[in-house]
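Both complexes shown next keep chain A, but they swap its partner, so chain B is in the first and chain C is in the second.
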Partner chain A sequence: MQQIISTPAMNTSPLKSVLQRFPFVPALIILIALVALNGFFQPRSLSFGSITGLFSTYLALMLLAVAQTYVVFSGDIDLSVGSIVSLVNVVIIVLMEKWGGGGLTVIAACLVGILTGLACGVANGIMIAGLRLQAIVATFATSIFFTGLALYVLPVAGTPAPEAYWMTYGGTYFGIPFVFYVVAAVAIVLGVLARMRLTTQMLAVGDDAMAAFQTGLPVTLIRIKGYVLCGLFSALAALCITGDTASGDPLVGGKMTLYSVAAVVLGGSALSGGAGTVTGSLIGALIIGLINSLVFFVGTPSEWQNLVQGLAILTALMAGILVSRGARA
Partner chain B sequence: MSTETAVSVTAAPSKAIEFLKRPLVVALILIVALLALGEALSPGFASAEQILRLLVVASVMGIVAAGQNLVIIGGREGIDLSVGGIVSLAAILAGNVMNGAESGILPAVLVAVSVGALFGLFNGLGITLLRIPPLVMTLGMLGVLQGLLVVIRNGIPSGRAAPALSQFVTQPLLFGLPGIIWLWIAIGLFMAFLLKRTVFGYRIYAIGSNEQAAFMAGVPVKTIRVGLFVLSGVFAALAGVCLLGYSGSSFSNVGEQYMLPSIIAVVLGGTPLAGGKGGYTGTMAGAVLLVILQSILTTVHIDESGRQMVFGATLLVLMLFYGRGRAMRG
Partner chain C sequence: MSELLIRGARKAYGATLALRRGDLHLLPGEVHVLIGSNGSGKSTLCKIVAGSVKPDAGEVLLDGKPVTIAGPQAARELGIGIFYQELSLAARRTVAENICMPALPVKGGVFVDRAALEAKAARIIEAFADVAGEGFSADAPVNTLRADQRQLVEIMKALATEASILIFDEPTSALDRAQVDRFFEILRQLKAEGRAIVFISHRMDEIFAIGDRVTVIRDGETVGTSKISETDQASVIRQMVGERDDLATPAVAPPAHQAQRSAVLSVSGLSGPGFRNVSFEVAKGEILGFGGLHGQGQSAVMRSIFGADAHHTGTIALNGKQIAMKSPREAIAHGCAYVSGDRSRDGILQGRPIFENVTPIHFLRNQLALARPASLRERAMRPLQALKTKFQGLEQPINSLSGGNQQKVVIARWLIDRPDVLLLDDPTKGIDLAAKTDLFALIRKLAENGMGIVLYSSEDAELLNNADRILVFNSGSVTRELTGADRTRYNLYHAAYEAA
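This part shows the complex of A and B:
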């Protein structure tokens, strides 16, 4: 840490160029430290089973952090991601119940769920990029609307997911838990997206929208695409959370919105747009998950856990910003 | 996003249209229209006592929005997400300090306001000295506050409001208006004076529209910004005490419902989130507008789901009236 802070004066230090290329390195260091601490206080937390558990619980938050990243890239924000998760969750639960819960119907329901997420993203994009409403307040308004829709689809929490669904999510195939197949598939998709022109365009818009516009980029369309990607990954997050909780809850995602923003910031992306990585956000989401489990393993009394978590996340947020600014300045 | 280079090509509209497009005017027209709609849907909605009840609810929202408004005008993506947590914390602390006793009101207000100021100070220092973006700093602080609330609720019983405080909030005090409405009017006058007649007020606009230029002109940018966040904490704490008086006892997370709506009230009042512009009169109208809208939706008999959908959609339509960004033209 001290080395990093003391270097900004030297413009060509190798450390700084590494940080510029891989802005998530500070987050990675925090993550490794947290893994070590978790292992120290509870050696079993490093077992394969525990790590699988960590992933199946926090995969939803990781995907939601990814969703948030794509709008943050172009300088926007989406406070409706949590409500999209809730909406998709109840949509697939209700459809699977209605259609009988067999293998094919589960897949069909998931597809409808993904389409729902995409539609939410398109709506957000049109509101903010098309009609030029202010992102923070407009997505808050759409989140109220989406929550209303979710309550319409399923007024009270409780409808269980069919066995076929959560057995698959929690199952093991060829010796590897299902969640890791999901992780691998997501990693490939994200890798492809990172190499696509769209990512560079979104970052360009976030860096300086006017300049991007004057270079001839379709700024409005690019921002809408960001929101559509956001809707897509929010829907995927909903599929994971449904696999984890195995039930429908019209308010399940509400609390996750702010965590997704925190994960993006922890991962070294600038909320003002133009700089950041999806890898960082994934690490940020894992940091939040590991802080939660560490607070538990250290033996914090239950009523103090939230406070310690809050303080730890605030500290990590501040440290992350200070270090990544040192790298960018 | 820099829009300085965008050139407005529209011809100057007539004065009447210009007047009608002012956010405050739009909000006032909408308030009257909504009251008429409410009266049509359920006779008695726009009766004097009903309007007074709405104003009492709106004043709590308006007091939170006062601090939010200052922070937003101060610019640099100014926003305070921690107000919800401060409202809850202030309500629970004040309830415990007074615990139903009239003599405890003053100490309770002092404790609540000091705690609010303290958290505002933390926010301000993080934002200025460490240069953490306000959204991130206050979001992190919200997490800390929520954790603190869990600890406090486990440790001490939920306190009670003194009867005098409840009376102040709910019963007529002077000319038929409850004390809290007078308090809100006083805050409105204070804000107008602060923003339009003091050096501090001018400097808020200065740092909000161009922080660099203000700094060059010798404005103590950091001190002012810290002050804005402290004021935001103080206003949120005051609202928390009022809320305690309104509900009689403090219960969990009462303040959460004020976090984002306080920002909406500011935006509906015509203060853009970009900062450097706007005022509090519009925000007051925005708070009233929000509360009337919510009240109409609870009056008509529709499900919670329909209520939320209509509320969300209406907010979006209202935002289309004003608060839109400028189009990009080459």
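This part shows the complex of A and C:
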């Protein structure tokens, strides 16, 4: 309903306009604080080797957070990302083993893995945007289905990845660890995606789907594309986790789903859609990674680790909210 | 340039017939005014032309050829652009992005051409630059703008389509004088270029200033089209009202000696965002109507009496005792109840059983921490049955009920412990006819039992048939009071449509 008497223009403080444009700034501040804390408790954690280790472990989560961001942009959610990771992981492991594990077969297996992820995304997209099923429930159901498929492909964990695969992932080329090449490539891809028309359209759909429809945007197709991107990045996450663990495990991604959602929220994106940045989600994933290593560095007894980790994530969420609220006031 | 003819357009939403028989003949180079009271089907007709609503029947001819408008995208390709009354903006995108959203400039097939986008937006913003006001810029997110500025963005978005048929569904309702003047200058220019323009407004002065022809629509039916130069304000209003005067004899005679009856609610000099200097009293047993066009301050006044929104100055007294009304909690404790037509936002507890939806006010008013389920269930059942609510059991989730029954549950919530004052803010929005009848019968009975009731309805007939007295709101103030035999459609429209 329109108001006849206009409310006075909201005066925008400089801090607020920075937040409008870069909603991940609170997350960045938290990240820096965590780096400092890690350095304080374990000076060695700031060494090049430790940072490389952090990235090779958490690159998968970072990519999964990116995957989740693309559906959250248009106001959807995907609770099957973790099971897509599991499925792609076992598919490439089984194929690489079957095909002998040479260089070319590794690449071929990775391509099949990526196609698997894309197919999962298409299935989710058609189910949710096309058939109008509730995103939370539908992707919860597909997550069970994908996990079932993964268990069919590889019933028990343990098949090792061929040496060519994990040696490459853990290797160093021209003095730079392989994971940083991956990070650079991902950064370029994300930069390209951010400039695409699709991104603006996804955010418009997430902002107000009805308005987007009335504007003439192909809302269903845009939401499906979000799920396809999500499937793609979930598959890439699977490639990374396979490089890190060097083995097949039909349940490897299960726990990662909600971490990816948490990373998106920590990064300042709105779960209701329409606002957010992929950069924020990457930072959010790193925050989770650093919290985990911090919990370890301060010497938390193992039975307390989960508890402390949960509290730390809650604290980070609250800190993010406080910073944004402070800016709004 | 295009000529558009719509014949016999019809659209029903469930049991509500939004448009019965919509006809419109739009010529190139004219500003064609569409006028009709609230809920008469103007927006529905516009949305059918714009492709965002599919008609149940009717035909559309573009330059004499029958066309089907499959969707908003198809409408744009046919050269139809629209300003939506409720706006179609992405709140967190920038002004420039919103203006270009229907057709984002692209380079390389998939990338947004930022330079082209900014150039296009700048060209359109330029036309309004000196009237847009402070804080308006191409890169401002829409949610940082004032209501009038958002409306300007929607205007610019429609202009950016450069369509040969342009529909403006109440584009001026929030604009100030200078902004309207600028908009009219642009309309005249578009007209000179031969474009066909539909313009909806409730302001008579605007209609007569800019219109060439006027089509009147009443209860979903096109009544007739005439040249603006050959008609006048009074005859347009008479056409909107029709021959019949459907004011039912009020269910009870309006209370005879209002002066002697004690006021349960008295409001004096209330001002706040969206309304100013509003004063009135509601007597025991009276149904006081709030009338006027949409969004003239009626809801804002009710929400601030209930403490849901703030007010700046003025006093509110319940049963003669002045109360600050800082929060709904306080209002409830003092015997005030509020029912909104926007059930999903203000009314129901989503996804919870009916039982939990009926009892919260009872808990609050009696400060219950514990209760015996059996006796509470019985208390909950009584008002639900009195309202003839159709449901299977108290454990049924509220979302599974129809709109009318959901609203009955929300009202039942207030009736376990009788409030003294009941504020009804467009309570029948989106509910079916039978439920409406039940509801108004109940409201009258509550009044007879001594409750003071304030009723705002966006449908004028409801107001005329049910209120004992009507205050007409215009631009945030009460401009007229209609009592007794003065409560006619004609008087109501006249007061509502006057330039404030």
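Here is the rule we use: the second predicted complex is superposed on the first by the 310 of 329 C-alpha atoms of A that agree within 3 Å, B and C clash if a C-alpha of one lies under 4 Å from a C-alpha of the other, contacts with A are read in each partner's own complex, and residues count from 1 in each chain.
The criterion applied here is as follows: contacts are C-beta pairs under 8 Å (C-beta built on N, C-alpha and C of every residue); 3 or more make two chains touch, one makes a residue touch a chain.
It should be emphasised that the depicted structure is a prediction, and the values quoted were computed from it without experimental measurement.
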Partner chain in contact with A:L111 - chain B first, chain C second, else both or neither: neither
Contacts of A:L149 with chain B and chain C, given as first, second, both or neither: first
Chain B versus chain C as contact partner of A:Q20, first or second or both or neither: second
Contact breadth on chain A, by residue count: chain C or chain B: B
First (chain B), second (chain C), both or neither touched by A:G274: second
Which superposed partner A:Q201 touches (first chain B, second chain C, both, neither): second
Chain B versus chain C as contact partner of A:Q214, first or second or both or neither: both
Contacts of A:A184 with chain B and chain C, given as first, second, both or neither: neither
A:I32 touches, of chain B and chain C: first, second, both or neither? neither
Where chain A meets both chain C and chain B, residue numbers: 208, 210, 213-214
Contact footprint of chain B on chain A as seen in their complex: 75, 77, 79, 127, 131-134, 136-138, 140-152, 155, 208-210, 213-214, 219, 258, 261-262, 265, 271-272, 303-311, 313-314, 317-318, 321-322, 325
Touching residues (chain side chain C, partner chain A) in the complex: 50, 52, 71-73, 75-76, 82, 84-93, 97, 101-102, 104, 106, 110-112, 133-135, 141, 144-149, 151, 157, 170, 173-174, 176, 273-276, 294-297, 299-300, 475-476
Complex interface listing, chain A residues touching chain C: 1-12, 20, 195-198, 200-201, 203-204, 207-208, 210-218, 274-275
Sites on chain B touched by chain A in the complex: 1-3, 5-6, 77, 79, 81, 126, 130-133, 135-137, 139-148, 150-151, 154-155, 260, 263-264, 267, 272-273, 303-313, 315-316, 319-320, 323-328, 330
